[in-house]
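Think of it as A, B and C in the order they're written, each chain with its own count starting at 1.
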Amino acid sequence: MKFSTKDLSRAEQVFSITGLQVGLAGQPDAAPVLDRIDLQIRAGETHCLVGESGSGKSVTSLATMGLLPKDALEVTGGRIQLKEVEITAASPSRMRDLRAKRVAMIFQEPMTALNPVLRVGAQIEEVLNMHTDLSAAEAKARTLDIMEQVHLPDVPRIYQAFPHQLSGGQRQRIMIAMALVLEPDLLIADEPTTALDVTTQLQILKLIAEMQQRHGTAVLFITHDMGVVAEIADTVSVMQKGRIVETAPIRELLTDPQMDYTRKLLQAVPNLTPRPARPVNGADAVLDVDNLQMTYGGTGWFSRSEGVRAARDVTFDIAPGRTLGIVGESGSGKSTVARCIMRLIDPTGGRVCVAGSDIARLSRRQLQPHRKHFQIVFQDPYRSLNPRWTVARSLCEGPINFGQPKAQALEHAAELLELVDLPRDALWRYPHQFSGGQRQRIAIARAVAMKPDLLVADEAVSALDVSVQAQVLDLLDDVQKRFGIAMLFITHDLRVAAQICDDVLVMQKGQVVEHGPAGAVLADPQHSYTKSLIEAAPGRDWDFANFRAVSAPSAIQGATV
Amino acid sequence: MADIPTSRPSAFHVLTGIFALPKGARLGAGPAIAALVLAIIVMASVCAPLYVPHDPLSMDAMSRLKPPSGEFWLGTDPFGRDIFSRVMTGGRVSLLIGVGAAVVSVAIGLAIGLVAGFFRTADGIIMRIMDSLMAIPAILLAIALVALNGPSLGSVIIAITIPEVPRVVRLVRSVVLTAREEPYVEAAIALGSSMPKILIQHLLPNTLAPLIVQGTYICASAILIEAILSFLGAGVSTEIPTWGNIMAEGRTYFQLKPGLIFWPGILLSLCILCINLLGDTARDLLDPRMKKREG
Amino acid sequence: MFGYILRRLLATIPVLLIVSVFVFLLLRLTPGDPAAILAGDAATPAQLERIRDSLGLNDPLHVQFLTWFGQMLQGDFGTSLISNTDVLDMVSDRLGPTVNIAVMTIIISVLLAVPMGVIAAWRHRSWIDFAVMSFSVLGFSVPVFVIGYILIQIFAIELRWVPVQGYKSPADGLGAFFSRAVLPSLTLATIYVALIARMTRASMLEVLGEDYIRTARAKGVRENVVLFRHALRNAAVPILTIIGTGFALLISGVVVTESVFNIPGIGRLTVDAILARDYPVIQAMILLTAGIYVMVNLLVDLSYSLFDPRIRY
């Protein structure tokens, strides 16, 4: 693992936060949202602020920009100093002047962060028009120059483009260009790559580093992803519940974390090295997908398009007690395959055999008796339970559909809750009374209540914080062992795939490009796309859980089947 | 563990849950005042026969167009009838029409909207018909219906209801279309729940709260349209005092006796204002953006 | 774009067709003898026969419809049962006042309502927001004719600034036109302003919470630029939509306002026709207003692309 090796010992301190406190507006007695934060960043330094959701990372960045939502949050103490300027004391007009000129920010969602009705060139130029006296021609020249610097292709065309005509990566490049066009002292990047695919993420991380080097910018990089931290940070602060619990240079933090919370956070990061696969048990496959096709659209009377081929010739099977992972970037068709198997959409071709019968072409009514054999857990724990139903009602819905008496279904539901580590009295509560991780446990219990042969997990841990993610993965593993369920695990996260899958199937643009045992595919990929995916995985050479570099890949190859 | 039935949330529970105030949000005094004023108007109208000093229908040629006095608090109309008694009594029918139109149009719209939202085959035809109905201005349609069917209470309610139905249908349909994409509905499909069951148990409750809001707006607009229909001469029979009828009769005598229009006008506007304010409050409470602040 | 307009125009045909069927059935499916309904209780058998004859009520239903529909396609909307004049001539004679007042109303409404809504959203929860919202709720709550009479009472009777009622065409002098058109326009505008201001505020509030507004502020963009350059254009589509659907309210308002102010427009014509059960005129008016409504909303739909580049046809 190569950490950043910048020498910052003589760099000038650009930015500092001292004892910053932020509280809920108008509620002085409420617990502070930020509790005495201290932070220093030097010119050319990348400081990563890392923590789980709700830890106060984004509030810190918004306070620095003077963009806290006025009616919700207010600074109650402390100082934010940008070189000679005290931000907490600046007037609104002074603050407006500082933005873009001295401190700039890029946001998480490139899809929504650009104004959809203005051309992107004009949006960059606006910064120059607001803060400089450049003539129109000069402003345009400077805009085109910065667009070249962020390596946008065909700059004259993109200058005229609207945001919706660009890809996510291109939009994030525009955001970076916009942020850096006036060469600010400090760049705040709030989860700038979280919404991007892993290969695009790598490019954007490289770009930020390049621009930082060229302009000597101090960077405050906010992320929840330890892999990204390992990749780019010079120094790191770990945040928890509005406090900074530990600050250290990157190597120290990853090799010798001092605080329990930091250790816990690092230990929860799944290892990219695949776990040993379970022995093949020789049983007949529970799920047998043969030549599955799914084409969207293109069948209407009036439509001239050919339709989108979201899945082509997908073939695989899963045996009881084993887990197959489908990995791929957005648009690869992995979720389409899951939804076809669940018959939430109707495949346009091929066979899907679950527990021995082909369900691909059954009508809704014919399908009903087969439903109990396959169940699904969705990504978003906040939307996968009916908010108006008690947990009991959600858990009993399926079994009652299949004729189980109510009392028996309820008794079984209570047992399942204990299995997923929730108290029995959770039965009578509503979903909003649970955290995201707990809701996902309930969703798993609901699926398992049907005693299915196959469980489809569609990005089931992607919305969860890393520590919760680890617990839910353990739970899935446990459930699988106990009931011998076959599992189809859809994920974009190679680390998660490495930890839970026996076999891995890599999809790209609707097609399977590689399929084999997880150990083989992830440790020694054959297809160039798989290789690029693995190479793009941030922090892939570091074994976070064990605070050391990953040993040579060959060492674990013996464990694969 | 046979205690499922007792633990099921009551309808009241569901409603208070839907409209639950997010933490930290304050409603202010507005809605409370609106509710109070509305309650007073409703009570005063419903109980009018018990306390009004004169028979609202009895004409008296001797006391035509009298100014306000101890005997006739707001004066008398061109037929010598007591304006105060008429205005207070007039509220009964106006409110009845408002509530009636709201209930009928919500019920019909809900049924059609659920069908349109859930069955793709029916959706196209139903929505085309609804679009067409919406293209006809409500007042024109309503006066035409009353003119043809006669000035009975029922035909006025129907005339007000028909133009409102498409709006309810659109609302219900859009709620259903959004809700059926929710993962919990897909989970229910995966759990083998039948389509009618999903429609009634998962989707129908989602429409409840927006329908209550829409219902209050319809109620307000129905009272308004009743007044306009009467004003144009196409309302309920002129023998029944309603706010609209009283104002319609006041038209000719407007310069002589503006109170004939203003008193019922003020009462009616106040009533509609309160209903609209309560509707707005309910809508704000439903607004997901306000709910989000909870987290 | 052209193909899209054509397709949208074609799509209005079923809507108008259903409206025609509806209008046609409205009379025929009403319980009782249609001729008796139209003629009233005191009609002589000869009168009834004349009405039956002129509406073709003796033919089977589908023949009646096809005949009527075929005549309509040729521009023949029949003759009035009361005045025996051609319906189309009656309508075109009365169109002028209505169009003039409606156009004035729309201009007044948009110019007033959009800034009101923008400012209310910008100063969310301030007194100005409260004032705009109060006006808007009030505008929905007071019957149009009551507003009309209040305006007459104040400006015509008490202050004597303008005439009480009546109408003069702009051709008779702009002063005479405006002094008589201003109160009807304001009366009509009240509910329209309430509607548009409310939607502008709601749409702006939504947009002001978007990420790209935060981006604009993070760039140090001035607040007025944030509001009008970044936010308003994004908020435009729902505002345009409500202007389009609100057109139905405007038509309804015209009917009432023309009665209050004694303006000889198509609103009055319609009310008089309905009360006199002059069915050919009623049919023509409902079809005409529905047609206008559909066309206005088509124009609104097409204008979306001026404001939002993501909408392309």
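The definition used in the following text is that contacts are C-beta pairs under 8 Å (C-beta built on N, C-alpha and C of every residue); 3 or more make two chains touch, one makes a residue touch a chain.
Not measured: the values here are computed from a predicted model.
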Topology of the chain contact graph, where touching chains are joined (line, ring, star, complete, other): complete
Chain pair with more C-beta contacts, B-C versus A-B: B-C
Most widely separated chain from chain B, with each centre as the mean of CA atoms: A
Centroid spacing, where centroids are CA-atom means, of chain A and chain C in whole angstrom: 50
Computed distance of Cα centres, chain B from chain A, in Å: 47
Cα-centroid distance, chain B relative to chain C, in whole angstrom: 22
Complex contact set, residues of chain B against chain A: 1-2, 4, 7-9, 14, 17, 24, 182-184, 186-195, 197, 202, 205, 293
Of all residues in chain A, those that touch chain B in their complex: 24, 27, 72, 342, 344, 364, 368-369, 371-372, 374-376, 378-380, 383-388, 390, 392-394, 397-398, 401-402, 406-407, 410-411, 414, 428, 430, 443, 446, 450
Chain A-facing residues of chain C, complex: 125, 210-212, 214-222, 225, 229-230, 233-234, 307-310
Chain C partner contacts - residues on chain A that touch it in the complex: 65, 67, 71, 96-101, 104-105, 107, 109, 112-118, 126-127, 130-131, 162, 164, 175, 178
For the chain B and chain C complex, residues of the former touching the latter: 128-129, 131-141, 143-145, 147-149, 220-221, 224, 227-228, 231-234, 247, 254-255, 258, 261-262, 265, 268-270, 272-273, 276-277, 280, 289
